[in-house]
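Report on the structure given below.
Each chain carries a letter (A, B, C and D) given by its place in the written order, and its residues are counted from 1.
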Amino acid sequence: KPAFFDWLCRMGDSALILGHRVSEWCGHAPILEEDIAMANTALDLIGHTQMWLGLAGEVEGAGRSADDLAYLRDAAQFRNLKLVELPNGDMGLTLMRQFLFDAFHYDLLTRLTRSASPRVAEIAAKALKEVSYHLERSSDLVIRLGDGTEESHARMQAALDRLWPYTGEMFADDAVDAKVAEAGIAPLPSELRDGWLATVQEVLGEATLALPEAKADVHLGGKTGRHTEHLGYILAEMQFLQRAYPGAAW
Amino acid sequence: KPAFFDWLCRMGDSALILGHRVSEWCGHAPILEEDIAMANTALDLIGHTQMWLGLAGEVEGAGRSADDLAYLRDAAQFRNLKLVELPNGDMGLTLMRQFLFDAFHYDLLTRLTRSASPRVAEIAAKALKEVSYHLERSSDLVIRLGDGTEESHARMQAALDRLWPYTGEMFADDAVDAKVAEAGIAPLPSELRDGWLATVQEVLGEATLALPEAKADVHLGGKTGRHTEHLGYILAEMQFLQRAYPGAAW
Amino acid sequence: SPEELAFQDRVDNGEKIEPKDWMPEGYRKTLVRQIGQHAHSEIVGQLPEGNWITRAPTLERKAILLAKVQDEAGHGLYLYSAAETLGVSRDELLDKLHSGQMKYSSIFNYPTLNWADIGAVGWLVDGAAIMNQVPLQRTSYGPYSRAMIRICKEESFHQRQGYSIMMKMAQGTPEQKAMAQDALNRFWYPSLMMFGPSDKDSVHSAQSMAWKIKINTNDELRQKFVDQTVPQAEYLGLTIPDENLKWNEEKQGYDFSQPDWTEFFEVLKGNGPCNQERMEARVKAWEDGAWFRDGLTAYSEKAAKRRAAGAVAAE
Amino acid sequence: SPEELAFQDRVDNGEKIEPKDWMPEGYRKTLVRQIGQHAHSEIVGQLPEGNWITRAPTLERKAILLAKVQDEAGHGLYLYSAAETLGVSRDELLDKLHSGQMKYSSIFNYPTLNWADIGAVGWLVDGAAIMNQVPLQRTSYGPYSRAMIRICKEESFHQRQGYSIMMKMAQGTPEQKAMAQDALNRFWYPSLMMFGPSDKDSVHSAQSMAWKIKINTNDELRQKFVDQTVPQAEYLGLTIPDENLKWNEEKQGYDFSQPDWTEFFEVLKGNGPCNQERMEARVKAWEDGAWFRDGLTAYSEKAAKRRAAGAVAAE
């Protein structure tokens, strides 16, 4: 049960933090259609957060709501992947991060629709529809920008190289993953690596981008609460009102 | 007495928020000497904050410490000038803001050393030594960069033009100022304008920069708690620990 | 001219003017200005509200706010499309926005300083916008009228959400109530300004009304807005910052103070609290995004060539 | 060569070598590398601590931290000056830092994740640094030795401040204590790595020790550091994350686990948690500041010309 709780926080926190990052683009995107798409992606991810953290609170059984978990934990209690907390950089970095995550997220949710936990399966089924669109969109943009101008190609390749060492964490199994897998709730992350790599290779190929040769599993630790220096700033901003006005209803 | 408290918060909050902004440069300045100078300026300003807000807490008589005032008020309770909460921009903007404020700060503190309040006079005398150095340094850099390359000149002029509409707030009298002036505690801000303008004109002249023709008193309100959108972000970051761990000792 | 007379007849009969129909140059120009400015307002309007997305106090409020900002961008799309039917591209309009030749609603030059401001923007700003926009559903230009119909539907939803935030704040802790009152204090007069100066000071109004580009006078709409809003404020237990506000039995409406029109013109001239920051944000987004737009264009040109080559090869 | 023998004699007799004295090329090169790396460490070292300046929990802690970061930049200045006496300019050294040819201490590639980390950096990282630096006050090269004397004085002050933060945290609320323990857990082994790999694996050590550029072996210093730190941790009520840690009566010191040297070499190779971000921050500061440095240079050239013209006119 503590493992299940932890795992649900991983799901919810990655959605929450990526949603936060994506939402930072609202009103600042390079084109109106992207303003809309970014807001929409963030909105979906916040919706997933509500479901995952809501269930996490139930599983924990300590009376914490999704909001309590989102707004009243400090960085060391967050379980999101480091990948999703990285600063947005330019639109290329943001889209590449989205694509690398979407490809993983899509496969994971697909597997989760067959989870032994009906609640998990239900959430996954709801989220999958949206994430399937996320992946379609981010793949498409990675391809078009990778195979666009020299500059857009260079930016996308730089983004890929920059993010690559963070991708390994998505597939790194630990004790929590093992327990949840044993219970049939979720696949072992490592089982998703090959499928993910195939998707990524296909899209990168079409995008005329080169698969980095660097190690992918350099930046681990987010799933156990050892984050980058960025997460603290995200939380300070995100949690301000709940922290400054404890107990208020909004 | 409430006016005195308010006025002390204005002094303390401007020092605190400018100190915060300046401290953001630590480790990111264009040259090692500037890393040192920026940290030093921030340090001085935080020192002033401790003195002003400490006295404010005493005057208020509600048992609030300088830390309570700094860390547990929200934006609408802050009384700093809008000028000091603006984002740093490039080093040119940061230095120009510093110069425009220093020139005012120096004259104000000089007058305050003759305050009817011995406590105010004492704090002013301590702060004045440091601020006299701040003004020397910022004037010098404004001159050198204004009369440097074409690019540095253009950046300094742009910084001046951008900041000018925020300078009027330093000299805008209101009821609080009037009461504090009546009590002989501080001069009316408006009395400082001519001296300030003379200093500014002299330095800008030597810097080969043009005095803006735009209005100076466009962005008022900081002194009564109507700030820019930036202050909320500053406070969310600055106050995080105190807000997240209420009552803890550090 | 006979064309003008025929055109005016159609307008008078309540017929919709469609893109391919003949229209007076002044009509076209006025529409482009009005629709363009409205579109720009939707885009710039993302900024003050977007300012609180990352700090929304609950996940649900965050989701609602995201959805709202997304809607606004969507409204921008409809409106730019409507403007395009008049022969002016979105990029041309954006260029004019960025160079300062075209305006956006001055209300967005006011900052959002606390969470209740998000409520106040929905309640007051969207409320005033709806008041302006509802009659425009009957405007004479077809594409504009249809865009306004879609937009009004969503806006009234936004207004209710804004009011719901205000309700929570006004019924909340003393701090929350203070924020709500502060938000009302700051947004009241700027909202009244959204209807524009009194019609007697407005040169273009008469012609626009004849063309049914404008349906009601500014003063009519402002009065209607005040009459609708005062009871809502009372229900919230908040005080409208106007000592002269009182019910006038005779006119069956409220008497109220005019906003400070000097401030209005100052903001128009660029001296509002956030004019510079709003434009900086938009221009930066545009300039930083140049490589992105160029990349997409280059790709679609390549793709078109590949398709053409494929077609040739297939022959 | 006879010069080398004479040089070694002077070193052996404890004489200081000064900039204008003859010295072996290897000695000069090793010193430049060592002093330069140390200077770079001070500069990069501003970043992990600077990360908490804006979030320091009290005004006093903020002031202390600012003063500390300022001191570090100052140490950078002393050390670049010491390196300059060996004929290499600060800009050359910085170029090598930015291009990755020169390193800085790997400890700064670890992130500061909670406020207790600022305590741990002072206590452990400065503690380890002092352990390394105290003997270097007796190093053979005069300018380096004198720089180290000034630096050590300030560093020991920093270490006490760091310990004082740890004390507050360890004696604070359960959350604070957890942060303190977490900080110790994360910084313990990286601090042990600061002394470098075991001397038996180090090629350069023997020569450096003969030249008195290095005074103690890495293992000696590491042992000393552990022996000093364990009782301090006990006093704080914190647990050092090492199951094998225990007092060895015979050697009158602690037995302890070696850090993971694979990790050490990975971080050296650039795969530490923050290598990329640290370098990005420094390179960005440098590049963004080019106009600033150019401006100052241009001004001083103009000023020099004006002075020269004035001097000519005065003749």
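Everything that follows uses one rule, which is that a contact is a pair of C-beta atoms (placed from the backbone, for glycine too) under 8 Å apart; a residue touches a chain by one contact, two chains touch by 3 or more.
Predicted, not measured: the structure shown is a model, and the values here were computed from it.
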item	value
Path length in the contact graph (subunit C to subunit D, fewest steps)	2
Subunit B and subunit D: spacing of chain centres that average the CA atoms, whole Å	34
Distance between chain centroids, defined by C-alpha means - subunit A, subunit B (Å)	41
Residue numbers of subunit D (touch at least two other chains)	55, 175
Multi-chain contact sites of subunit A, meaning residues that touch two or more partners	74, 232, 236-237, 240
Chain contact topology (line, ring, star, complete or other)	other
Interchain contacts (touch definition) - all pairs	A-B, A-C, A-D, B-C, B-D
Of all residues in subunit B, those that touch subunit A in their complex	74, 232-233, 235-237, 239-240, 243-244, 246
Residues of subunit D that touch subunit A when the two form their complex	48, 51, 55, 111-114, 175, 178-179, 182, 186, 266, 271, 273-274, 276-277
Sites on subunit A touched by subunit D in the complex	74-76, 162, 165, 215, 218-219, 221, 226-229, 232, 236
Residues on subunit A engaged by subunit C in the complex (per definition of touch)	16, 20, 23-24, 26-36, 39-40, 42-43, 46-47, 49-50, 53, 66-67, 70-71, 90-92, 143-145, 147-149, 151-153, 155, 234, 237-238, 240-242, 245, 247-250
Residues on subunit D engaged by subunit B in the complex (per definition of touch)	43, 46-47, 50, 53-63, 66-67, 69-70, 73-74, 76-77, 80, 90, 115, 165, 168-169, 172-173, 175-176, 281, 284-286, 288-300, 302
